[in-house]
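Please read the structure below before turning to the comments.
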Amino acid sequence: MNGLTFDIAHMLAGSLVVASFLQLYQDRLSALINVFAVHAMVLALSVAWQAYIQDAPHLYITAVIALAFKAIIIPVALRRIVVRLGIHREIENVVGVGLAMLFGIGLVALSMVVMLRVTAEADPLAREDLAFALSVVLLGLLLMVTRRNAVSQVIGFMSLENGLVLAAAGAKGMPLVVEISVAFSVLIAFIVIGIFLFRIRERFDTVDIQAMDRFRGERR
Amino acid sequence: MAVIRDIALQGFQMLLVLLLAPLLTGFVRKVKARLLRRQGPPLLQPYRDLNRLLRKEVVLADNASWLFRVIPYFVFATTWIAASLIPTFRSGLLFSWSADLIAIIALLGSARFFQVLAGLDVGTSFGGIGSSREVMIASLAEPAMLMIVFSLALIAGSTQLSTMSAFMNSPEVGLRVSLGLGLIALTIVAIAENARIPVDNPATHLELTMVHEAMVLEYSGRHLALIELSAALKLLLYISLITCLFAPWGISSAAVDATSLLTGVAAYLVKLAAGGSLLAVFETVIAKMRVFRVPGFLGAALMLALLATLLRFVSRSF
Amino acid sequence: MMFDPLNGVLLIPALAACLLAVLPGYRLTARLNMLAAFLTFATAVSLFVVEPAPGLYLLVDDLNKVFIVLTTFVAFSTSVFSASYIDHEIEIGRLKLSYVRFYHAMYQVLMFAMNLALVANNIGLMWVAIEIATLTTVLMVGIYRTHEALEAAWKYFILGSVGIALALFGTILIYMAARPAIGEGLNAMVWTVLIMHAPKFDPALLNVAFVFLLLGYGTKVGLAPLHAWLPDAHAEGPTPISAVLSGLLLNVALYALLRFKMILALNPIALAPGPLMVTMGVVSCVFAAFMLYRRRDIKRMFAYSSIEHMGIIVFAFGMGGPLANFAGLLHMTMHSLTKSAIFFAVGHIAQVKGTQKIADMGGLTVTHPVLGWGLVLGVVAIAGLPPLGIFMSEFLVISSTFSRAPWLVMILVFGILVALGGLFMQLNRIAFGEPRGPAEPAQASYVPMFTHLAIVLIAGIYMPPSLVAGFQTVAKLLG
Amino acid sequence: MVASALYCIAALVGLATIAIALGASARGRVVVYGASLIVTLILFAIALSCLLGHPNSPTVILPLGLPWLGAHFRIDALAAFFLLVVNLGGAAASLFALGYGRHEHSPQRVLPFYPAYLAAMNLVVMADDAFSFLVSWEFMSLTSWALVIANHEVHENLRAGFIYLLMASFGTLALLLSFGLLAGADGNYAFDAIRTSEPAGVVAALVFILAIVGTGSKAGLIPLHAWLPLAHPAAPSHVSALMSGVMTKVAVYGFLRIVFDLLGTPDWWWSIVVLTVGGITAAMGVLYALMQRDLKRVLAYSTIENIGIIFAALGLALAFKTEGLAWAAALALTAGLFHVFNHSLFKSLLFFGAGTVLNATGTRDMEKLGGLIHRMPQTAVVFLVGCVAISALPPLNGFVSEWLTFQAILQSPQLPSWGLKLIVPAVGALLALSAALAAACFVRAFGFAFLGRPRTPEAVGAQETDTSSLAAMYFVATLCLIAGIIPGIFIDALGPVVQTLVGGRMPVQTGVDWMSIVPIAESRSSYNGLLVFLFMIASGAISAFAIHRLASDKLRRGPAWGCGYPDSSTMTQYTADSFAQPIRRVFGTVVFGARETGEMPPPGATKPARLTVELRDLIWDALYRPIATGVNFAAEHLNHLQFLTIRNYLSLVFAALVLLLLVQAIWP
């Protein structure tokens, strides 16, 4: 494992975290979808690079799935949904962008400290991967918490899933069957999201969570 | 032979008690009249009253139940038994161990219980006012009485009247604080129980002040006679109780020959006379209290009795 | 031979699901659903007879044998109940036939997923099974397509999948911890192998992994801070699903957590998971107890009661020790039987009274005696009063742990008492007093409800020795 | 012996299930109550033979209950005595219910639970391991809860049932904790295993506190009594007789079993706790009773008073046992147990009487009764016997147990510790006060229910009740009389029980001539119930005969003297409240914060004067109301957590995750 390959893997994982930060920054929905597409592409690259380093052919399949579905099909489908729902120009953000970014930095620091301290004697690449994966997961969760629109929450959830795929890829030797099933279940999740988005849209004629909050249980 | 003698003595005690009771009441009225510089009714007037009442016809209220007619006999029976159990001229009689001091107080309690019921039976407001006041007084007098019994029993080591009076007669009783407190408390309770002046006026029929009289307002004829007799018996009982406990001279538990019995009876008569006249003096000196001052008066008795029990260890702790 | 019982337990629901997805019409699919559930139950029982050796992907041992039988039995009785319930729902028009088209198929998929989770030897496979179970229940919760149902389903989906994502991260961390000791590849994911090498794992990584697993699967178990989805999912979903959710899915998630607790228990240096689970258990018990008082919806109230009982069970496992663990396992079985019986009763009550609002229903023991007294017996059981089974498990939990942690047990006992107060205050409004709401007799299937309550009653007095032996061996294993 | 008892209990449980089937039919009532009467009589016989014959029969272990332990059942002397009390009360209640049950308006809610309730009480007394003890204990509370809410249309009954079950579960959980400590971590729950492992200092103290809280809440000791006056009147009368007369005694049995039997050597301060709680409960209980207008609530509060007396006697026994004075402890314990027996008798009798009055007039409020002695003569006689017995008046049994308690109090100088020397007389004063007030209370109860003139049309229309109820009442009344007249037999029967608990017993009484009882020594004190009774009868008869023969026996009816008012309406009579007014003024202002505000109309105005009396239950305001408001406050505030948005819930999960990660990061 000479220095160069390590540096490239490190650079790719780092850029994934930067992509998550970019997502936090976007407040317009269409821009958010584009950044998510970038996010998925970087993930596909880093998984492919991991495949190359660990010369584990099955990771290539995961990279291809990630690229095909998450980088292309899902953003396009989301864009079409957003256009049909006519909310592509909507600006919505619950917490100020600055505060969200600060909080994001804190989260990354926390995951660095926790992960590096915990995986002391594992090999450096795996430690790096896990630390970055955890920060992507936490940033994805932060995105979900700070957004009011159902579609942006879905995007937050998908970027959280990307973090997991990165972690799974980083764990050398994780059997293929798990990779596939993970990807597969993510996709089913997306299908369910699609169905729900349409049902919510049809019933609430808006995707804003606030409208839905009025119908919390036992409210009336 | 000894058994017949014991039965005879016990019988004599019961008769003595029965006969002396009206005399005592008459004597107290006589002394009070004399103190007020009045002639007063003759000594034997109570006997004539009883005789008159016994022969008169009983007028029953429409609402009176069978209980109303049974109660006088029950009250008389219990008071008579209680009075005959207290040693007067001689202690240690045949049936004296059948009931100790606590049982005697309880017998008086059941007599009062049924007298209150009689008050309530007819359903007039007089019976109600008398019973409710009697119950209030009893609810303080009885615990005071029991506390007096406790203090004396803790000192004498027994609740059997014969042993207690024997102990009081013996030298080792000594002068004790708790005995003094017990005496004062016992006199207060005696006055309250017998409805004497500060608590209730036996001579008046004024509704607002009546306690004992209000309960028995509806009685007439032979029932009233029995009630009057048991009231007199109760007064005698309390005086003989005070004297047997606090002035036990002349009461001997083994005396069998005629002379010692006679001295016993004579001593007892002197004590009764002294008690009666002290009571008469006390009644003329003091005025009747308002009804709701009585709880304070009896509360003092209860506190004194409780103090007597607690201080029992101070004078001679063993 | 191909068709050994272990594969059967998975194959039958899978095949049934595919079959039912295709068949139209309601009556036929309902009966088929019942038949499939019964067959799975039969194969599950046969697991007791022939116990197959643990394979790379599937495993049967003392712990999950009992739970498979329990899951399939409750699934079968729920299918019987759901046949008459959904039929009635369609009759009164709350559910259109088009909504119900995939209901039975999804029901069988849910059964498949839960059985797979129970028998999975591979921790990744177990995660996938629970993920599928979550997704199917999300769809079923949203079946009524009312505003509240959709909001509840969306909330359940978001919270559920975030939880499952955290659980996946925990699983990956377990794999990372196991890799240096066992080597790469499939072996590092196989539970039986993990158990053998547990002492050699890196303890710090195990602790972080358990944190993620506890938060992940804890969301599915419905522990206090993560419980938000449970009351709404129960209240808005169809009642058979609430019964399955409360009765089975919570147990399956907790079962998964126990599997990982076994690994940590064997590793001496690893920070014992006890204090974490104990605090979350006590917090959820006391929190859910207080939430019972202001509930206006009957199903939401019993959902909170499930959270309370899950708190007690997690507390029992957190405290550890053979007696407390045995009590925890017993409590899981008893709670799932009692809670599903209560939901059967609640389902019929909601249908008969036409509403789920407690304010609009009353005097049930007068208008519908059998249903009313069934609910009373259910509430008495869930409140932990003898002679029903939950009293024995609560007795063991409290008395065995009191000398070790007096203050914590005092708080737990306070929570149980507050919960009992809340339950009976609501029961007084529902079952006794002046009858309110419609009173025409209900045509309902009482059989499943009263069979469950009968089992709980018998278990409260007499426990079959084989079941007890199984639980005791596992209790020692749980540490 | 134990096996046959278990068969009877199984029969009772079977009867309960049958009763569910034939609930509503009239035949059901006769079958259920008749069968439970027979079974309770058999159990009574078994208990008697156990008590008098060979008390320590072998333990029977059934494969039920905890799987590795099984359910242990044993009848030792203590269990035999309480089995006797339970089944005597049960038989009397079943006999009474045969007639009384006819008026029950929803029998299908009472019949199934009644035999189960009896079975549960028997099981509690026979249980010999912690688990079966607690299962039967809580099952007893459960079945009695079901009976309390039998007529659930009345909202107060539902509220009473709710409070009752809450307090009962609180008591059971306290007992559960105490058994948890007794059994230790490895969980050997069998009583004989517990007896061998002596818990030390702090653990024993905690077990004692939990035991007195657990059993006290079921018996009705003062701070934990609030449910009793609500629940007992709400149940049908034969059930409230069982609850007051018998269930509170099972609670006393629980206390005895844990503190005297399982805990071994008591500490010195335990007896002070029991004595003070007992004394205060006695005094407060009867003061509450005096303030009530509802006949059954008066009886419920007087149960609290008698429980106070019993616990005072037990506290005394505990004090003597700590100092090793076995004979004095035996005297105190015999007094306590004899009062347990007596109270179960006359309290059941009084509740039967109250039940018949309720049936005849349809109301329990003393303000609406009166004059029933003319319309229900036999019930009046029997109720009078009950009132005299409970007021501890000589010929009957109430007095004997009170007399024995006072004799035990008088042994206090033997106690070396100064604290006890002073507390025991003070508790004696409280007991004396409560005895006097009890007499006042039951004079009031009998006087305003049966005597005077009927205040309402219902009271005028009352009729005598049926024969089987009367038979039950006569049976219990005669038992009260017998126990009062020849107490020696009962005291000797208690010998083995006292021997097992305090290691000493009272001198044998049957030997003493003339059947009188001598607790310690001839010279100290003795009491002869028979002779006192005979003297009363004799002197009463002689005086009556003499007066009728010698003086006059003429009698005439006339109007009562009402100061000459022509038509005195029944309103002029005293009422229960006005009767208690003096005592309320003396004690009430302190104990209940009693306030009387009378407002007179201005001169010339015709509106009536109005006297309002407001009493506050200080214990309810100080202890129960704050807890209720606290729980409501917490429920109200936590309720907001149900209505958060999805985002807030997500941030909850997020916060939990971040917190735990921080802990991981900081910690080792």
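So that you can tell them apart, the chains are marked A, B, C and D in the order they are listed, and the count of residues begins at 1 in each.
The rule we apply is simple: a residue touches a chain if its C-beta (ideal position, glycine included) is under 8 Å from a C-beta of that chain, and two chains touch if they have at least 3 such contacts.
Here the structure is a predicted model, which means the values were calculated and not measured.
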| note | The chains touching both chain A and chain D are C
| field | Of all other chains, the one whose Cα centre sits farthest from chain B | value | A
| said: Rounded to a whole Å, what is the gap between the Cα centroids of chain A and chain C? | reply: 30
| note | Distance in whole angstrom between the CA centres of chain C and chain D is 44
| In whole angstrom, what separates the CA-based centres of chain B and chain D? | 35
| chain A and chain B, separation of their C-alpha mean positions in angstrom | 100
| task | Could you list which residues of chain A touch at least two other chains? | result | 114, 117-118, 141, 144, 213, 216-218
| request: Scan chain C for residues touching two or more other chains and write them down. | output: 154, 158, 162, 166, 207-208, 231, 300
| Contacts with two or more other chains, residues of chain B listed in rising order | none
| request: By the touch definition up top, name every chain pair that qualifies. | output: A-C, A-D, B-D, C-D
| chain D touches which residues of chain A in the complex? | 94, 107, 110-111, 113-114, 117-118, 138, 141-142, 144-145, 148, 209-210, 213, 216-219
| task | Flag every residue of chain A that touches chain C in the complex, lowest number first. | result | 114-115, 117-122, 126, 130, 133-134, 137, 141, 144, 150, 153, 157, 160-161, 163-164, 167-168, 171-175, 177-178, 181-182, 184-185, 188-189, 192-193, 195-196, 199-200, 203-204, 212-213, 215-218
| said: If we count contacts the way the header does, which residues on chain C are in touch with chain D in the complex? | reply: 154-155, 158-159, 162-163, 166, 207-208, 211, 214-215, 219, 225-226, 228-229, 231, 271, 276, 287, 290-294, 300, 321, 323, 365, 380, 383, 385-387, 391-392, 395-396, 398-404, 409-410, 413, 416-418, 420-422, 424-425, 428, 432-434, 460-463, 465, 468
| Quick one: in the complex, what on chain C touches chain A? | 122, 124-125, 128, 131-132, 135, 138-139, 142, 145, 147-148, 150-154, 157-158, 161-162, 165-166, 168-169, 172-173, 175-176, 179-180, 183-186, 188-189, 202, 204-205, 207-208, 231-232, 235-236, 295-297, 300
| request: Sort out for me which residues of chain D touch chain A in the complex. | output: 642-643, 645-647, 650-651, 653-654, 657-658, 661-662, 664-665
